[in-house]
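Below, subunit A partners subunit B and then partners subunit C, in two separate complexes.
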Partner chain A sequence: MGNYHIPVKYLFSKILKVEVMSSPPITSKTVELGTKYSPDFVCTPFKYTLGTFLECLEKGANILVQAGGGCRYGYYSELQEQILNDLGYNFEYINLVTKGKTSIKHIIKELKKINPHLRQVKLFYYGLIAKQMVKYMDKIDNFIRENIGFEVEENSFINLQNKMLRRFSKVKSLYQLRKIYKKYLKEFKEIKVNKGEHPLKIGIIGELYTVMEPFANYYLEKLLASYNIEIKRFTNVHYLLFEKKRKVKKYLKDAKKYIKYRMGADASDNIGRTKYLCENGYDGIIHIKSSFCTPEIGAMPIINKICNIYNVPVIFFSFDANTSEVGIKTRIEAFYDMLEMRRGK
Partner chain B sequence: MDKIKVGIPRGLFYYYYYDIWKPFFQELNVEIVESIPTNKDIISRGLNLANDEMCLSFKIYLGHIDYLKDKCDYLLVPRIDNYGLANQTCTNFLAAYDIVHNLVDVKILNYNIDYRKWEQELDGLFKIGKELHKKRRDIIRAYHASIKRYEKKKNKDIKDNYDNLDKEGLKILIVSHPYNTYDEYIGKPILEYLKQLGVIIIYSDKFDTLETEELAYSLSDTIYFKYSKENIGAIPLVYKKIDGIIFLSSFPCGLDSLVNELVMRKINKPYLNLVVDDLDSLTGIKTRLESFIDILEQKRN
Partner chain C sequence: MNECYLGVDIGSISTKAVVIDNHNHIVASQYIWTEGNPIKAVKKLIKEIKCQLPRNVIIKGIGTTGSARKLIGLMLDANIVKNEITAHAIGTLAFYPKTRTILEIGGQDSKIILIKDGIIVDYSMNTLCAAGTGAFLSSQAKRLGIDIEDFGKLALKSVSPVKIAARCTVFAESDLVHKAQVGYKKEDIIAGLCRSIVINYLNNVGKGKKISGPIVFQGGVSKNVGVLKYFKEILNEDIIVDENSHLMGAIGIALLARKYKTGKTYDLSMVDVSFETKGFECSDCSNNCEVLKIYKDSKLIDAWGSKCHKY
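Showing the complex of A and B:
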């Protein structure tokens, strides 16, 4: 997912002493492979991850790691293992989350299967570094997202980000990581941007996998940036792992007029965010999800209602394995034109 | 004073909890308004109200809500999150209350079952009773009476199911959620056609749930959905006595897509996977059923 393979790779290579193969970037071939062996109406992330696993196995990986929970993400692993077994592959499958719940104890137990000499102190130390790395990456990402549409020199943000990530993957201590982060943050802030008086602001909400995986949403953020739009996105890995518990309660409280209970996965968060975006002067909202994502489908009528009340335009995208890029581009263009016209009024 | 009218939509929760709700409200002297069995009108109402990607069962549920909304004082829409750690329900069951609350403008009687947060059925029913201005003592009495009657009925169902198992003839296990099996639109026509063909039907939901939930783990180690566990747990329970299995699900059911797929890859019995969409024609399904039964008959002889 995006650039997150860097901290994960870092963590595993440090603690497990194995060669970590970061998954190849998702291509249409991956999706095709995944779709071929998946059940018919499973949600798209299943197809994507299965395709990725297949490609990794072809390249010679013999340990696969899967984690996830919330809705049916948590149940993916067993079926994927079965499908891959039926296809005749030989591998070890490490599942970090079982029955929708996980604990540190369980993770250590599973990891010891790979490396019996694993020391817990080491795990915690490098785990902490990886956590901080994710946090810094997300902060930089958020900054980039807000400014990339207005860069004067093309690709200046991306180039700098790649440089930073390369440095990140070689850090040795927490202190060093922090120093690198501070240094690059300064450099990012020095990049020239040309923001007009009031640029259009759009919030992106939706199902977590599709929001975070650039291939799954057809590089939607890049497309929006090319229209000089400032983008706000909430979901990132740091949020999911460490902030969600706290934030959900806040979201529920904020939007209590509309929802009373948690709705599974990210649905209630998205409703809270919709309200936040509507109240904070955003011009439009884009809601994206993979098709057949049940929790988000439940949230959609409510999001629609909130947007009607606040009179903020919202557009819904449902991505499948065979959605075409052109169709999305046309719809985004129309949405953009509409926002411009509303501005002009 | 007129009796308070509580509307109970005939979908999703109805098939799990109606046998508790009915005696409970009768004991409390509250009138129950049920919606009519699913028909085309209900479905088109549901389609109007629902999002186009929702599953058929939920569309039908919303259709019933729409039908009832001006016929009663309250609608009964519970929220059921989980029955403990490894007993989660479908996400539609969590979201039903909030969706209905936002879509239609009716007073809703609501209770929440969330064992992880210590919210159990009786607590929920207390809340309902309070809203209807009933006494706490009456509620407890009504609850126990209703549980008694529910268990009596449940035991009878289980006994019938076991009796069917011992009969001579072609026996097929229907693996499906009760809200699909007994729905007038999804399951009924299929079951009736099977009965016409002389098949003895065993229902996956008419077994002791404690037993089936435990047995489900023999098919899947990490499963944590309560209702799916009840469904697939019936397979190992009666595996030796049945001739074939029919998986019946509504399009696009999130849980069934994963769980049924996994089970199909593990079992070694003839099976048929039926996915029902809101198409009107039954002909395609009939053909598939016929050929499936032909295969089973041949295998038996």
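Showing the complex of A and C:
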């Protein structure tokens, strides 16, 4: 998913003493494979991850690791393991989250299955580095999202980001990681951008996988950047793993007029975010999800209501494994025209 | 010389072209069926437009909209290519500046556009299903053996329309068959169908949108008096249907072509050049993109569909 394979690969290769294979980038073939062996009405992330597992197994992987939880995603692993077993593959399946729940104890137990000599000190140390790496990556990502639509020289952001990630994958200590981050942050801030005084600002919210995997949302962020739009996105891995618990409470409190109880997955977060975006001068909101994502379906009418009250336009997209890209482009183009017209008033 | 602008709206079912002058007068207009071949349809359409044009007209701008806008935009060398949502709103506002809501039902899609003080504030477009669009109506008309142009008039004759499941075309069709076999009258079934289209539209496209007057109804289906009647009945508002309601998208894009004119003069005989497309599946990586190459006068001018920048 995105560039996150870098810290994950880093962590596992340091602590497990095995050769770690990053999953190949998601392509149409991945989706086709995943769709073929998935139940038809399951949400799209299931199809994407299953397809990725299949591709990895074909390439010779013999240990698969799955982690996820929050909604139906919490039960993915059991089902995926079963499907892969039925297909006759031979592999060991490490499931870091069982029945939607996890703990550090459980994770250590599972990891010890791969490397019986795993030392907890080592796990915590490299775990910390990986955590920091994710944090820095997400911070840089946020910065890129706000500015990439205005870059003067094409690909200047992406090229620098790739350079940084290559350095990240070879770090030896926390200190070194921090130094590299500081150096690149400075370089990122020096990239020339041509940002007018009040560029259009759009917030992207929705189901986490679709939001985070560019292939699953048809490179929505890239498309928006081509219209010179500043993008705000909340969901990233650091948020999900380390900030969510705290922030959800805040979101629930802020938006208590509209929501009383937690709705599962990211639905309540998205309601809080909608209110935040409406109150902070964003021109529009794009809500994306994979088809049949139940928590988000529950959140949509509330998001719609908040946007009506604040008079901020919102547009909803549901992506399936076979959505036409042209239709999405038409709607985004019209959405952009509309925001421009509203600005011109 | 009279400076004019050509707007072409290439939809899934029909292709429309309009020529307007600097005072929003329609100088020429034409409406033909696309029949699955937008290039051929546009060639035919432009020829017919050319016959209608007075001698002193020169074309100073061309705009394309509709689902084949990109392809035809390339073919006509248009100075503007825009989506149909914006085009419809611009066209309608030029004639009805006070409009608050635009209902549009076309061949394959349907949309609602909300307007406040002359600018679009919200819109929505059907997503998954084509239930309640022109294509469904015309296929049902064919199945019932009625000319699509008489469809609306027949619906008006009914006093008690039957209830039809409006969710999905497949369900609607089996419901229609069932009602016919049970013995309901044809006009009641047709009226029920018109009503179900309105309900489906309001439940899907119009969901959560505040519809307020003045309302303008357009797109091909707006010519259907049966559907219009049920819109009026259910919304309890007066609804404007312009005599050119089916051309509104083309008018809008012609207006935009005027706004963004480049000073270039167009010669309509350019449609006579050969214009071809060739599609193939690239197998250089596992994305297997479907790439479409476009040739004008046997010269490659563009290629679409690849995820990388190879083509």
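Here is the rule we go by: the second predicted complex is superposed on the first by the 345 of 345 C-alpha atoms of A that agree within 3 Å, B and C clash if a C-alpha of one lies under 4 Å from a C-alpha of the other, contacts with A are read in each partner's own complex, and residues count from 1 in each chain.
Going forward, a residue touches a chain if its C-beta (ideal position, glycine included) is under 8 Å from a C-beta of that chain, and two chains touch if they have at least 3 such contacts.
Everything numeric here is computed off the predicted structure, so don't read it as measured data.
S.K.: Based on the superposition on subunit A, does the combination of subunit B and subunit C result in a clash or a fit?
M.R.: After superposition on subunit A, which the two structures share, subunit B sits beside subunit C with no clash.
S.K.: Tell me the contact category for A:E187 with respect to subunit B and subunit C: first, second, both or neither.
M.R.: After superposition on chain A, A:E187 lies in contact with neither partner.
S.K.: Give one of first, second, both or neither to describe whether A:V42 is in contact with subunit B, with subunit C, with both, or with none.
M.R.: first
S.K.: Name the contact category of A:E243: first (subunit B only), second (subunit C only), both, or neither.
M.R.: Neither: A:E243 stays clear of subunit B and subunit C.
S.K.: Once both structures are overlaid, what angle do subunit B and subunit C make about subunit A, taking C-alpha centres and a multiple of 10 degrees?
M.R.: Taking subunit A as the apex, subunit B and subunit C sit 80 degrees apart.
S.K.: When the two structures are overlaid on chain A, which partner does A:I83 contact: first (subunit B), second (subunit C), both, or neither?
M.R.: Only subunit B; A:I83 stays clear of subunit C.
S.K.: Have a look at where A:G74 lands relative to subunit B and subunit C in the superposition and call it first, second, both or neither.
M.R.: A:G74: touches subunit B, not subunit C.
S.K.: Is A:E58 touching the first partner subunit B, the second partner subunit C, both, or neither of them?
M.R.: neither
S.K.: Pick one for A:K29: touches subunit B only (first), subunit C only (second), both, or neither.
M.R.: In the superposed model, A:K29 contacts subunit C only, not subunit B.
S.K.: For A:P301, decide between first (touching subunit B), second (touching subunit C), both and neither.
M.R.: Both: A:P301 reaches subunit B and subunit C.
S.K.: Now for A:K260: first (subunit B), second (subunit C), both, or neither, which partner does it touch?
M.R.: A:K260 sits against subunit B, while subunit C stays out of touch.
S.K.: Which value in Å is the smallest Cα separation between subunit B and subunit C when the structures are fitted on chain A?
M.R.: Subunit B and subunit C, overlaid via chain A, are at closest 5 Å apart by C-alpha.
S.K.: Determine where on subunit A the residues touched by subunit B overlap those touched by subunit C, and list them.
M.R.: Shared contact residues on subunit A: 301, 318.
S.K.: Which of the residues in subunit A come into contact with subunit B in the complex?
M.R.: 39-43, 46, 71-72, 74-79, 82-83, 86, 95, 98-101, 258-265, 267, 291-292, 294-295, 297-302, 305, 318
S.K.: Could you list, by residue number, the parts of subunit B that touch subunit A in their complex?
M.R.: 51, 53-55, 79, 81, 85-86, 88, 90-92, 94-95, 97-99, 101-103, 110, 112, 220-225, 251-255, 257-262, 265-266, 275
S.K.: What does subunit A use to touch subunit C in their complex?
M.R.: Touch residues, subunit A against subunit C: 24, 27-30, 301, 304, 308, 311, 313, 315, 318, 326, 330-331, 333-335, 337-338, 341-342, 344-345.
S.K.: Quick check on the complex: what are the subunit C residues that touch subunit A?
M.R.: Touching subunit A: residues 67, 82-86, 117, 119-125, 127-128, 208, 210, 285-289 of subunit C.
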